[in-house]
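Same chain, two partners: chain A is paired with chain B first, then with chain C.
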Partner chain A sequence: MRIELESVRHVYAPGTPFEVEALRGVSLMIESDEVLGIVGGTGSGKSTLAQHLNLLLAPASGRILADGVDVQTIARSELRRRVGLVFQSPEAALFAPTVEEDVAFAPQRLELGVEETRRRVRETLELLGASHLAARPPHALSAGEKRRVAIAGVLAMAPEVLVLDEPTAGLDPATREDLLGVLRALRDGGTSVVMISHDLDEVAEVADRVCVLEKGEERAVGTPEEVFYTFPEASLTPATVRVVRPLRGSHPEVGRPVRFEETLAALKELVGGQV
Partner chain B sequence: MIDGNNEGARRSGPSVVSCGDLAFSYPGSEGAALTGVSFEARAGEYVGVVGPNGGGKSTLLRLLNGLIKADTGSVSIGGLDPAAEPFEVRKRVGMLFQNPDNGLVAPFVEDDVAFGLENLGVGRAEMRERVRRAIRAVGLEGYERREPHTLSGGEKQRVALAGLLALDPEILLLDEPTSMLDAAGRREVLERLEELRGTRTILHVTHHLDELLSADHVLVLNAGELVADVFPKRLVSDAKLRRENRLALPTASRLAAGLRLDPAQLRTPEELAEAILRRVKLGVEAR
Partner chain C sequence: MTAGRSLGQFYPVASPLHGLDARAKILGIAALAVGLFLVDSMAGLLLIAAAVVLLVAASRVPPGTFLGFLKPVAFIVALTVLFQIFFSREGETLLRWGFLQVHEGGISTGLFLALRILLLVSTAGLLTATTTPIALADGIENLLSPLKRLRFPAHELAMMITIALRFIPTLHEEAQKITRAQAARGADFSEGGPVKRARELLPVLIPLTIGAFQRADELAEAMESRGYRGGNGRTRYRELRFRARDALALVTAALVVVGGILV
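Up next is the complex of A and B:
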């Protein structure tokens, strides 16, 4: 599914002294089968934007189109099946006595039949490397395990677009790698993935395109190399680019690598016979 | 078996936090969350705690502040047993939780930051001053009258940290204090912690090894056991230790290692860029 945002504005607590304009007219295209990384400082509007994609929040003005159709005209239940949203710290919402039942909760309401529901739950847990947890009570799991179970609960709905808000916060590096692998696999299978993250290094590694939000506006949208070689601020630049950029003045042949492996290869080439 | 073989030096001074052969299992779960954990932190030490998810890091912090009670073994914090005297212990120990939503209670940011002080019976004028300083320290000036639930995850985490700084406890237990923060917020929080170094005893749980490169020592917890208590240098030099405990070096250090440069000497991407430039220049001169 392709999602298009047209000048989306959002205001919290309108007409009160606490009024905050969180989105100031964001226009953005989310293509099918891509990983779109959304980055930006704390309070830049990332989570607010995510919650508009399945109309958990409605825009004060502007439009959101799903495959060209205004999402306001799509039934909410239909929209939320097609656009799955994984919140920040989603494990807070686990409640069923076992992992299996928790993951089955949402698909059960799709009336797929017992067999199909079971199959989906099994496959989703397998995809996330959490099959061994099926019979365990969620509260007894570690933070990383809970995170995977919470994501499984959304994936079991087989959404066309998966939106994740800081999905790797608090995960150990190896578990984080595994999860990024899952997101790539979903993308390759045709799911659009929107990943909000403050970790630029991981966005550099996994995103096909990047959107930088700043104070509720999109400051840049493009491929990782377009976006990450644009900004002078270290806080908007992944570590790989921070290493390469100072070298480009005297050694332009190093190019504009972003991902870790391509950066290492370019640097090895540069230092040549010394390594 | 604890592996403590590496270079560096521990602080001398009285032990402030100590655990002896600590064990704990969550009710209804099969394995133990912690077994046979013994270590000590001396006054003013900055102690890192790392290891895979489910390794026992958060459980250890909860035992230290008396939220849960050990099945066997001893815990002593400032000479007190937190399970027996949780309220005494919490006057001296501040804890920052992983998920900041769990800690915010008041209608406005400034009330939230003041909450702990109110409970300690601090006077009005002093309270106001301490709250003001703490809010400034985490870069949230102008947020005093915001409602916590309207804040972003990273802003909430900073409010929670401000509450802790206002209390100014002797011992800080920090469970991934930067996990929700962007690069700028993370740097700010780490600078605040750096200012407290040596005057407060700090246990800092994190998945970011770069936050612990100047820690006094680092505990590695895996599957409920303390598998290593080492100086941070060792985490940089020992790939096997990292692999076995699902740890990763920061990106710049990994690039340095891939280029056969010393990751321990090159802590930032900018330092690495300079080292590469020097290397290239030497190569050209040699030819």
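Up next is the complex of A and C:
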């Protein structure tokens, strides 16, 4: 599914002293089968934007189109099945006595039938490497295990778009790598993935395109090469780019590598394969 | 975010009422609240109502906010009025319809009680909307401090009140987040009868409760690790100051109550 945002504005608590204009007219295209990374400081509107994609929040003005159809005209339950949203610390919403039952929550709402529900629970837990946890109570799991289970709970709806709000925050490096691998696999299987993150290195690694939000507006949208080589700020530049950029003056042939492997290959090339 | 819309939340604007000492406001509001129960005439109640309206205006909190405070009690008010109208047998009979009788006394008592409840909630709202939770707790602790001699845990009580008030918005926000997370998984809180809707709330209430207990644990540990050891010898960052205008406000509140009882 392709999602299009047209000058989306959102204001929290309008008309009170608590009023905050979180989105100031964001226009953005989310292509089908890509990983779109959304980066930006706290308060830049990332989470607000995420909640607009399945209409948990409605725009004050502007439009959101799914495959060209205004999402306001799509039934909410249908929209939420097609656009799966994984919240920041999604483990806070685990509630069932066992992992299996928690993951089955969404498929049961979709009235998929016992066989199909079981199949989805089994498959999503397997995809996230959490099959061995199926019978355990969620509150007894480690933070990383809980995160996997919570993400499985959304994936069990088989969404066409998966939106994740800081999915790797607080995870250990191994779990993080696993999760990024899952996101790539989903993309390769035809699911669009929107990943909000503070970790530029991880966005550089996994994203096909990047959107930088700043104070509720999009500051840049494009491929990681286009976006990450534009900003002077170190706070908006992944480690790989920070290494390569100073070399580009004297060695323009190094190109604009962003991912770790690409960067390593470019640097090897530069030293004439003497590594 | 529905900050500032529910009872018990502070509304940050500058107003004469915001500037008063918390103790003056607590005592003044308490006087008005007690007055509401001592007053037995409609005229007296209207006098207090006029005072409350003036106070709302002076607080510079939009009147709509107070209407928001009143929403949760609307059901109780409606029930009270209906109960009085149909079950009171005082005064002239206005209507007879089968076993139902409506008497004049029922209508006037119903309106009187309704107004009393609405005023009571509004005055409570005035206090919390114009006083920060910290100032409120400091005021309560200070007013209860004479009881410390009797080993009454005034400080602990005030700390409990502060923390409880402080966490209302946090829990509210948390509840909203969990509600949305479950809605994203297909939970529907708007459809079906009351039983079905109550069942739909379980996926919100369970994680909310677990989260609240975890938070309480963490808060207690964080407070201890920052040197909290109860009220003994604790000093204040902001000292309360009772000034002439506070005394004036308190005397005015007392006069309104006495006036309300006398008319």
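Basically, the second predicted complex is superposed on the first by the 273 of 275 C-alpha atoms of A that agree within 3 Å, B and C clash if a C-alpha of one lies under 4 Å from a C-alpha of the other, contacts with A are read in each partner's own complex, and residues count from 1 in each chain.
FYI, contacts are C-beta pairs under 8 Å (C-beta built on N, C-alpha and C of every residue); 3 or more make two chains touch, one makes a residue touch a chain.
Model, not experiment: these values are computed from the prediction.
Asks: Should the pairing of chain B and chain C on chain A count as a clash or a fit in the superposition?
Replies: clash
Asks: Output check: A:12 vs chain B and chain C. Expected answer is one of first, second, both, neither. What do you get?
Replies: Touch partners of A:12: chain B and chain C.
Asks: On the A-aligned overlay, A:1 touches which partner chain: chain B = first, chain C = second, or both, or neither?
Replies: Neither partner.
Asks: Contacts for A:109 in the overlay, against chain B (first) and chain C (second): which applies, first, second, both or neither?
Replies: In the superposition, A:109 touches chain C alone.
Asks: Mind working out whether A:94 is in touch with chain B, chain C, both or neither, as first, second, both or neither?
Replies: second
Asks: Taking the superposition on A as described, I'd like to know which of chain B and chain C A:140 touches: first, second, both or neither.
Replies: first
Asks: After the superposition on A, what does A:243 contact: first (chain B), second (chain C), both or neither?
Replies: first
Asks: Between chain C and chain B, which one touches more residues of chain A when both complexes sit on the common chain A?
Replies: Of the two chains, more chain A residues are contacted by B.
Asks: Determine, under the contact definition given at the top, whether A:60 touches first (chain B), second (chain C), both, or neither.
Replies: neither
Asks: Name the contact category of A:158: first (chain B only), second (chain C only), both, or neither.
Replies: Once the two structures are laid over each other on A, A:158 reaches no partner at all.
Asks: Is A:85 in contact with chain B, with chain C, with both, or with neither (first, second, both, neither)?
Replies: second
Asks: Now that the structures are stacked on chain A, which of 57-65, 219-227 or 255-263 shows chain C clashing with chain B?
Replies: 219-227
Asks: Can you list the residues of chain A that meet both chain B and chain C?
Replies: 12-13, 17-18, 20, 92
Asks: Spell out the part of chain B that touches chain A in their complex, as residue ranges.
Replies: 26, 28-29, 51-55, 58, 98-99, 101, 145-147, 150-155, 158, 176, 179-185, 207, 246-248, 250-252, 254-255, 258-260, 268-270, 272-274, 276-277, 279-280, 282-283
Asks: Could you list, by residue number, the parts of chain A that touch chain C in their complex?
Replies: 12-13, 16-18, 20, 51, 54, 56, 77, 80-81, 84-87, 90, 92-96, 105-106, 109-110, 139, 153-154, 157
Asks: Going by the contact rule at the top, pick out the chain C residues touching chain A in the complex.
Replies: Those in contact with chain A are residues 1-5, 11-13, 62, 174, 177-178, 180-188, 202-204, 206-207, 210-211.
Asks: If you look only at chain A, which of its residues touch chain B in the complex?
Replies: Those in contact with chain B are residues 12-13, 17-18, 20, 40-43, 46-47, 88-89, 92, 137, 140-145, 166, 169-176, 198, 200-201, 234-236, 238-240, 242-247, 250-251, 260, 263-264, 267-268, 270-275.
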